[in-house]
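Two complexes come next, and they have one chain in common, chain A, joined by chain B in the first and chain C in the second.
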Partner chain A sequence: MKNLLKLMLAVVFFLALVACSSDDAGTTDDTSGSEDTSSEDTGGSEDAGSSEGDTEQELASELNLFNWGEYMPQEVLDNFEEEYGVEVVYSTYSSNQEMLTKLGSGTVNYDIVVPTDYIVGRMIDDDMLLELNMDNIPNFENIQDVFHQRDFDPGNVFSIPYLYGSTGIAYNTSHIDGTPSYADLWNAEYAGHVTVQDDPRESLAMVLQKLDLPMNEPTEEDLEQAKAELAKLHPNVLAYDSSPSAQLISGEAWISHTYSGEAGVAMQENPDISYTLPEEGGELWMDNLVIPNTSENKYTAEVFINYLLEPEVSKQLSDAFPYSNPNQGALDLMTEEERSNPASYPPAEQIANASWFEDLPPETIQLMNRLYKEVKVE
Partner chain B sequence: MIKNIRLAYSMLSPSLLWLLLFLVVPIVMVTVISFTTSEGYGGIIYEFSTHAYETAFLSSMYLKVIWNSIVWAFSATVICLLLAYPFAYFIAHAGKWKNLLILLVMIPFWTNLLVRLYAWIILLNGEGVINHFLQNIGLISEPLTLMYTPYAVILGMVYGFLPFMILPIYSSIEQLDKTYLEAAEDLGANPVKTFFTVTIPLTLPGILAGFIITFVPAVSVFVVTDLLTGSKLVMVGNVIRDAFLIEMNWQLGSALSILLMILVLLSVFIFMKFTSSKDKKFLI
Partner chain C sequence: MRPKTKKILFVFTTLVFMFFYIPIIILMAFSFNDSKVGTVWTGFTFKWYGSLFSNEAIINSVTNSLIIAVVTTLIATVFGTLAALAIHRYNFPGKQAINFLFYIPVVIPDIIVAVALLALYGWLDVTLGIATVFPGHVAITISYVMLVVIARMAGLDASLEEAAKDLGANEWQTFWKITFPLIFPGVLAGALLAFTISLDEFVISYFTTGPGSDTLPVLVYSMVRLGVSPEINALSTIMVLLIVIMVFATGRKMSVSK
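Our next item is the complex of A and B:
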């Protein structure tokens, strides 16, 4: 009997090892595969390099892209490699903090990273970014004018918009009449069918907006008040979940405080789901292409950014991942139906009414983290 | 049999090295980090500070979370014990089916707990299999709230950790010398009395081992609370995970880890003292 147990443990252990190692093998195969193609294509790349820049500005053979997971279609990278002969190595992260930590460690060397708006501001303040040479990025003119001047980077000296999105309300039209606002989350009729973003910053920003308090510079009293209001919402809540598309699709959640992208996914599967930015405002965020000061391939990075701004390429990005595209050229290529999707492209007056996230001092962030947890514990 | 102590150590060295690398070093690192200063946005400044511990103690919330976690984990462990003991007893007396039954207990281990919890979501949710079945046979008209309640965490923990309880109890029942039972019978004890005065005390080492290896992982779960309670229940595992990964407050995460380790060691120690006061050998 004991031998049998031992044997089973050995089998379990072996399977675990196999699982780990096959993962590794997969990644190595990928990289070696793409290296092969890059060497075949180098002939073409030299032509492209010399025609576009002077002698000092030659394309590197490799570009290290550090981007969010599920945010860059492989097709786009393959096409760039075919056209320019530059192999793009795509590594992923799952939070701004993770990206900052890895960059800060000094052991990595990325040519492009894609931070969210207020993180760009923090990186500019910390001298972490290189100024962009706009002569190499003529396609910037494709970006809609509204996104040219942004508080965190006036004049787009360091950053180029990538994709953007919003946080608002996804709702089930068969249960909810009219267009809901944040205040409707508190409606007792919807008890047990409400979901809220499981993130201190996001959920407290929502409550602050509902209370008409400043979302980007709350005082301690504001936050205490928001905490009390969130505690009142707690009995209504089905789940605190930042990806509630499954509950929306199944019909369990009727009204969700969530990302536009999540709503977009739910809308594809369940025709009863709709999305709106609430009358209180809602929140906007935008991810941006920047070049960290550790990059040694600035020119190549700029060529790649310019490539991403081509209308066809940019459309590939938002086709693969249903966020909002700030590229007018790409928008012009879309069908009327795609452009009128309220999750991806809310009406202009709603966008104007919504707020952008700004960076907060660490003390405020820590206070928000604590208050948010206290709501759940008490 | 090993005469040479050096030989003994050299044979142990791979496991000693393992313990040093993956137990001692991390604990030292966590302890050091818990006393450093936070840069604010996640960085660590190596200056002595007790700020993390002050935060942990000044806000009663963190101690309350740890206490709640111990209570939830203890309840789940007791339920595991009540389910596992008869089950293990049954398997140990199942004759030729023994190996098959033990295999069935172990098979779920071959799938990741996360995947198995998703299966529970499909079963439990308002539009899920169980609710549909009950509604179709007309037992209920409105779907029952089976998920997204704090109690769902008990279900998840009992389901996830039951094998940890069954296996050690099974092996101690299996090794039980039947002649003790015969002696008790010969001396006039009925089966119930034999069970409580002979079987249970003799299988206590298995019960204790099962209790500890169920309770310790249960107290620090976080995926179960995330998935089955809709993040409405916060256990200490969630707080520590969030401190490291979301809030980038490694100092607080480390301080809470240390506090949790101390409290778990203490509660295990109290538990063993309490259950084995009569017979020291059960401490093993």
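Our next item is the complex of A and C:
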């Protein structure tokens, strides 16, 4: 009897193992399946002629795109599928770190990802990206010159601008006269109506700018000083909130340190809201299209990037989501009203005055996290 | 009970239920809100329900979540029940240790399972997709099913099975005619628990989904950058209603089978 039981137990465990490994087998089947079909010529590749020296000129049947959530309208994908016969498998992530973790594990074969500027620099240093063949991306010339050749990728060898935005001040014009600066957040008259980004890096960068200290390479003393200044702001603060659009719309918040996208959402619903980059600078970010070295369909990815840079397509992106478009062709298609929206397109001199986020060493980030928590606890 | 005590208990119970249900009711109400921003009421509309069904990303992720939850439930229920039977009925060397091993996945943080799986897949050169989500979900749900079924078996009268065998039924017949109907409420409860856990599961899915296999919780989380869209409120409303119907149906079935 006892032997029988042992046998039964062994069978149960064996079955469990088989169940697990057959799941894995299913996955490998999936991928080999897609490899088989990826070599098929699906036609419709008018643009293929522009890259004769390239060995990989046929469009794959599938393209794995990994992008931020709520960042690409479905019609853009559908139109591409229709025009080129390539199925776009679209997945989303919520942070650069998540995307890096997945790519770094070597278990995914994404063809395009969309990292933020300073993350592109890190990915280039870590050899995670493939060089772009610019012959396949002639539409790159549509991108405004200001956004070419950024520090993290001089020469745009690896990355193409996607959309950008800023962190600045959203404010309610019925309560605040003139154009506010970061210093106005400390104004006692606005006590209880101020919101600050709920993010150590963002909020401390704002204070550093206000104190005229270096935002991208702060020393420990700089940060301690910024912490003390942030603590002084505390009595004014209604909320530490990275999405204060609801408070702005309801009129609870008068002046918010926030993303331009959030301000854009609030402006659509409440005409009293405006947005500006402060005289201290403000911060800019830009997300970029890159091809990670896990990609098996580099040519198709380049065709897709080129498609995204077409003025009409690019305009669809910034129409659907409240971010700014670096594509001059798309800007030309917009109405004067859209182009002069201060949340989306701050004046050129404000852009020039603002700072870009750069990658910080982990110790500095940890210190920022700790100081920020201390302010919030106190 | 004194009237005063009754009153206090009534107020207390009401407060507890308000605590449970008010957030859900607010969420459902805002699925009919005209504004894209979740917390300002601007007017009544059904448009989010319409755009929900044309939002391919959301529909895909719901489909993925349901496929994963159903398959996970099937696997976990079968193996969890088998394990419960083995542990309940028989004594064998190492039983304590094996029993203990079944408790570990219940207490171990999901993040550890998730990171371990991701490392394992990396090592085995497996490409992430929908199939790579199952092992993690099955691993955490089997134990729950087993614990629920074992609890049900503890109250089982062993003489019923003996009587069946005494009357000439073989092991197979005894199991399907006697044992299974008796433990069925436990199996069903375990299956529902497994289904719910798998449908809700975020951390493991977050690390083990690949191209095109986002589950609903993973997709919703990725939307935080722009604020969660009211389409999600609409979807939640539909899901809450479905769950309420399901709970009523199974509640009835369970009371009938008792």
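One rule holds for everything that comes next: the second predicted complex is superposed on the first by the 322 of 378 C-alpha atoms of A that agree within 3 Å, B and C clash if a C-alpha of one lies under 4 Å from a C-alpha of the other, contacts with A are read in each partner's own complex, and residues count from 1 in each chain.
To be clear about the criterion, a residue touches a chain if its C-beta (ideal position, glycine included) is under 8 Å from a C-beta of that chain, and two chains touch if they have at least 3 such contacts.
None of the values given here were measured: they were computed from a predicted structure.
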Partner chain(s) touched by A:Asp198 [first = chain B, second = chain C, both, neither]: first
First, second, both or neither for A:Arg339, with chain B first and chain C second: neither
Touched chain A residues, chain B compared with chain C: C
First (chain B), second (chain C), both or neither touched by A:Arg370: first
Which superposed partner A:Thr107 touches (first chain B, second chain C, both, neither): second
First, second, both or neither for A:Glu70, with chain B first and chain C second: second
Which superposed partner A:Ser243 touches (first chain B, second chain C, both, neither): second
Touching partner for A:Tyr90 - first (chain B), second (chain C), both, neither: second
Chain B versus chain C as contact partner of A:Pro362, first or second or both or neither: first
On chain A, the residue positions that both chain B and chain C contact, one per complex: 2, 5, 8, 12, 15, 101, 250
Contact footprint of chain A on chain B as seen in their complex: 38, 40-43, 55, 59, 61, 64-65, 68, 98-99, 102-103, 106, 109-110, 125-127, 145, 148, 167, 171, 174, 229-234, 239, 242, 245-249
Residue ranges of chain C touching chain A (in the complex, touch as defined): 35-40, 42, 54-57, 75, 79, 82-83, 86, 90, 92, 98, 118-119, 121-122, 124-129, 131-132, 134-135, 138, 206-207, 209-214, 218-219, 221-227, 229
Residues of chain A defined as touching chain B within the complex: 1-2, 4-5, 8, 12, 15, 95, 97, 100-101, 104, 122, 192, 195, 198-200, 234, 237-241, 247, 250-252, 361-363, 365-366, 369-370, 373-374, 376-378
List of chain A residues in touch with chain C within their complex: 2, 5-6, 8-9, 12, 15-16, 19-20, 23-24, 26-28, 30-31, 64-66, 68-71, 74, 89-94, 98, 101-102, 105-110, 243, 245-246, 249-250, 261-262, 265-266, 268-269, 321-322
